[in-house]
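So, here come the structures, one by one.
There are two complexes below, and they share chain A, which is joined by chain B in the first and by chain C in the second.
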Partner chain A sequence: MEKILNQEKLREWVDMLDDCEVYAPAFADSVWNYARVEAGTDIDLSHTNTIGSVKEFVFPQREVFFRFEKKDGVPVLTATLPDPKPTVVFGVRPCDGRGMPRNDTVFNKEFEDPYYWARRDKLTLVGLACNQPHSPNCFCQSVGGSPHSEDGLDILMTDLGDRFHVKGITVKGVEAMERGRDAFGAVRDGDQAETEKVHDTSRSHPQRPLGNLDAIPEAIRESFDSPLWADMAQHCIGCGICTFLCPTCHCFDINDEVISPTTGEGERVRTWDNCQFPDFTMHTSGHNPRADLGSRLRQRVSHKFLYFVENHKTQQCTGCGRCITECPVGIDIVAVLERVSQS
Partner chain B sequence: MVNVEEIRDYAANLLGKGEVKSVLGFRRGSASAFAEPCTITDVGEAASLVWDPTCLNNLTLYLVKDHKQQAAAKTPDNRPVGIVAKGCDSRAIGVLLQENYFKREDVVVIGVSCEGTGVVDPRKLSAKLKGRTASRVSFYGADGINVRVYGEETETVIPAQEVLADRCLECRAAIPTLNDIVFGEAVGAREFDEPFHAAKAAESLSADERWATWEHHFDRCLRCFACRAVCPMCYCPECVVDSTTFVVTLGTSAEEKANRIRWCERSANTSESAVYHLTRAIHLAGRCIDCGECERVCPVNIPLRLLNTKLEKEAFEMFEYQAGHDIEQASLLSSFRDEDPNSFIR
Partner chain C sequence: MTDNIYLPKIGRIVGIDEETQGARAIKTFKVEFPNDDGFEHDCGQCAMLSMFGKGESMISIASSPLVKEYKQFSIMKMGRVTSAFHAAKIGDFIGIRGPYGNQFPLDDWKGRDLVFIGGGVGLAPIWPVIQTAVARREDFGKITVFYGARSSSDIMYETDFEKLKASAEVQLSVDAPEEDWQGYTGFVPANLMDKAPSPDNAIAITCGPPIMIKFVIQNLQALGFADEQIYTTIENKMKCGVGKCGRCNVGKDYVCVKGPVYSWSELRSLPQEY
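Now for the complex of A and B:
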């Protein structure tokens, strides 16, 4: 389904999704991030990439698996499977959209993760094509995507200035558009051509090149023991910014958080974990196989460009550029891959 | 204006004569308009050093890193390290010296004076550009910063005071007092802004208002720990938020494993994040030199500097103590004077 939505009708459409939780990017505290859209407020889609990615809607940083307590000396468990309202997220950039099928694979391949899917099944992603990459660190095209990729999105909107071209991609997406009814108009002569022109122009903007993508896994494999990793990680501070913000990083930790030791009350919680943290691979024996930052940088890059390719036939990086832009010391995954490929 | 060629020559000379094993400085990065830290070990690399308002990092962190590495190495290289240091960075070195973390002869301080300027606050810049990225940032005379926005043709000049880091606006000593050489003119106190003004403004709010502010911020914290990782004063081998040294042996019981002390849970929620931040702030009382690194690196822009400057203000007002200003002085926590106020001991 393809429709035209005048800029001023966007609000009307959103208001008709009133039985859903609607989120859209908002600029607050000097960053763009997804925020709940309150009834009657405007949506500003002039955003760059949001700081947090849409993975947070399906894989929140903190997920309670179940609650426990002791009643009359007997342990009692209470299930906490999430039952969210249908959720619609506006303004999803195509690189984040492409993260979703990759996350779906992870949370479905060997074991269907009920927490993830309880949220995922109720989530509709309304993408917004980039009229031009908004950061010099965007490289979606170098990893097989594009600034108007539909992969993982339910709807793709393209900004045509005074109006949006809106394309329903999945059943969920078409349904969300149908709910908007009269807000939409028909696609008229020229709209299609204009949309294609916007897409073409956007693709023609230079992006960071990755050379021969297919040769990268082998290059990484060969440089496993290279001193290059330590050299490239020399200034890494081992914070988790690169992976916490990544739309596809999904490692987690599970802990029991005891609220009251006397009643034995507490929660089993899944939280994000991070391959850049020193205790990530720490064995209970005290041995840490990835004790230095070089081996941790290698792990992050290998997971995305070697292991994921081996296991799932695609890169686990969508070129959003966040890990580059937000790294406090300038570690740049594109430059890293370049050096590994050349070594 | 600091002449970068002089810094390059000096660094090349130090390396050439073998007086240092490496020089910590800044180079142009591939990732953004901001400079990135570099460690150069041979003379030829000195030409890549840069100096401009995007040299944000406090490189003292890497002295700490090197010190840890040498301590763990089988054949340590204990030659001194050269470091390009702004006024605030040199104070960080000062605190480490006061705390006997390393010795004066372990470091050669290549001081750069911030003169009439300082460094840019990426958050202020981001707010000005509404999240868009700068592709070039440079000095524009004494009072301006020249910015080119990614995807735009023209450059914009922004008055320096609108985008300089708060600490630079409030700086009381823009010259590295601890140094082996200084490039740029000696400038001491600058009067762009009154010291501690943000902390003072916060104090005038009610407790409820203050808590509402911090609840909003702690709630947003991702617990990526970048604020800790970047701080040269956070050098504990094990931080309370990690659990790297809980060793399990054959004799460790399930009870012991379950009951091992966890000061702060992994959950990024308001209460656990508050514990993390308050613990960190207290551990920095009288030690934080206001380099602003914790605040700069925070991906969600939590104003952490406010917590630290509040304690800095307390140390200043109660004990006339300024961290890192005088390396002959004993550190605040390890010293006592008869005239110290003890009104808080009840």
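Now for the complex of A and C:
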């Protein structure tokens, strides 16, 4: 389904999604991030990209698996599976959209993650094509994407200045568009051509180049024992920002939080974790298979550009550039891959 | 209702054996499922055991799959969860989810000699294989079990070892000299070289501390065992047990799902990170 939406009608469409929780990018504390849209308020789609990615909607930073307590000495467990309202997220950049099918494969497969899917099944992603790469660190095209990729999105909007071209991609997307039927107009002569022109222009903007993508896995494999990794990780402070903000990083920890030591009541909680932390792999005995920063940088990059490719035939990176822009010491995954490829 | 992969079943401790004493004591727990919702397992598989309020730990299922009434776990006191187990009493309740991981391909080994080499609490993961092989004695050739502990008081499953001698050759060792010790004195890899089992038509299965496994494999190779004849397990840190938390990654494998059992020929092709 393809429609035209005048810019001033956006609010009308959003208001008609009143049985859903609607989120859109908002500028606060000097960053763009997703925020809840209250009924009747405008949404602003002039954002570059949000600091956090849409993975937070399906895989929150902290979530409770179940509560435990003791009744007559016997543990009683109550699963706290989420039961969210249908949720619509506006302004999702195509790189983040492409992260979602990658996360789906991890939380699916042999063991299906019911917490992830409870949220995922209710989530509609309204993408916004990039009219130009929004950061000097964008490299979506180098990893098989594009500034108007539809992969993982339910709807793709393209900004044509005074109006949006809106394309429903999935059943969920078409439904969300039908809900706002009155706000939309038909696609007229020239709209299609203009949309394509915006896409073409955006694609022709230079992005960070990545060299030969197909040769990267082998280059990483061959550099496993190279001193290069330690050298490149020299400045890393192991803060984990690169993985927390990444739309495809999914590693987590599980811990018990005791609410009352007397009644034995508490919660089992999942929280984000990441391979850049030293104790991520450290055994209680003190043995640590990845004890140094170099081996941990190697793991992050290998997981994304070698192991995930071996398992799923695609990179676990969509070129959003966040890990480059937000790393406090300037560790740059594109530069890392370049050096590994050239070594 | 679909299964919630993170929600443990409830088990009850029905037996506790003190195997060894000291700072890193080992106790063996027999666990039953009071709600009749137990599960079947294969040799080599493990389970995530919970002490509610402390957390979860991955522990090998140390009883043979042929034993249906209970599951047995031998746990070394290391940290939070394992200490809580050591403080537990008969009748206490625990959480269990599993079984997780792959299995030793026992059926593929029919007609062959089996050489088991264990060290410390590393005997636990291979104990169900030994028990099952002995129960199916006519399926296999000669069975030899090497086991080494720091001292004679650190030997696990002592009474079971006595029984085992009826159907298998048992080679025990202690690390340091002791008066009245009848077995070998020295590390397990050295005892292995001393007895030099033949690699002809044999399979070697080893588990123990990483450093022991490393030397055992070197020595097995020196004895002429091919990579395909050597099996071991990897003990990486684990949290989810279901291939999602990313912690146990070795190369493209999530060890909790693809492992923990590997032949040396498979393991050699993975990055050396364990």
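As a convention for this text, the second predicted complex is superposed on the first by the 343 of 343 C-alpha atoms of A that agree within 3 Å, B and C clash if a C-alpha of one lies under 4 Å from a C-alpha of the other, contacts with A are read in each partner's own complex, and residues count from 1 in each chain.
Rule of thumb we're sticking to: contacts are C-beta pairs under 8 Å (C-beta built on N, C-alpha and C of every residue); 3 or more make two chains touch, one makes a residue touch a chain.
If you're wondering where the values come from, they're calculated on a predicted model, not measured in any experiment.
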| item | value |
| --- | --- |
| Fit-or-clash call for chain B and chain C when the two complexes are aligned on chain A | clash |
| Contacts of A:Gly330 with chain B and chain C, given as first, second, both or neither | first |
| Touching partner for A:Asp253 - first (chain B), second (chain C), both, neither | both |
| Chain B versus chain C as contact partner of A:Ser295, first or second or both or neither | second |
| Partner chain in contact with A:Asp113 - chain B first, chain C second, else both or neither | second |
| Which superposed partner A:Ile241 touches (first chain B, second chain C, both, neither) | first |
| Which superposed partner A:Ala215 touches (first chain B, second chain C, both, neither) | neither |
| Of the stretches 3-11, 39-47, 75-83 or 219-227 belonging to chain C, the one that collides with chain B | 75-83 |
| Residues on chain A lying within both footprints (that of chain B and that of chain C) | 253, 255-256, 273, 282, 284-285 |
| Chain A contact footprint on chain B (complex, rising order) | 29-32, 34-39, 57, 61-62, 123-124, 126-127, 130-133, 135, 150-151, 220, 222-226, 229-230, 242-245, 247-248, 258, 265-269, 293, 296-297, 299-302 |
| For the chain A and chain B complex, residues of the former touching the latter | 27, 29-33, 46-48, 51-52, 61-62, 132-137, 234-235, 237-241, 244-245, 253, 255-257, 269, 271-274, 277-279, 282, 284-286, 288, 324-332, 334-335 |
| In the complex with chain C, residue positions of chain A that touch it | 65-66, 68, 73-75, 77, 79, 81, 106-107, 109-115, 224, 250-256, 258, 261, 264, 266, 268, 270, 273, 275, 280-285, 287, 289-290, 295, 299, 302-303, 306-307, 310-311 |
| Chain C residues within the chain A interface of the complex | 2, 4-8, 10, 52-56, 78-79, 82, 93, 95, 210, 235-237, 239-240, 242-247, 249-252, 257, 271, 273-274 |
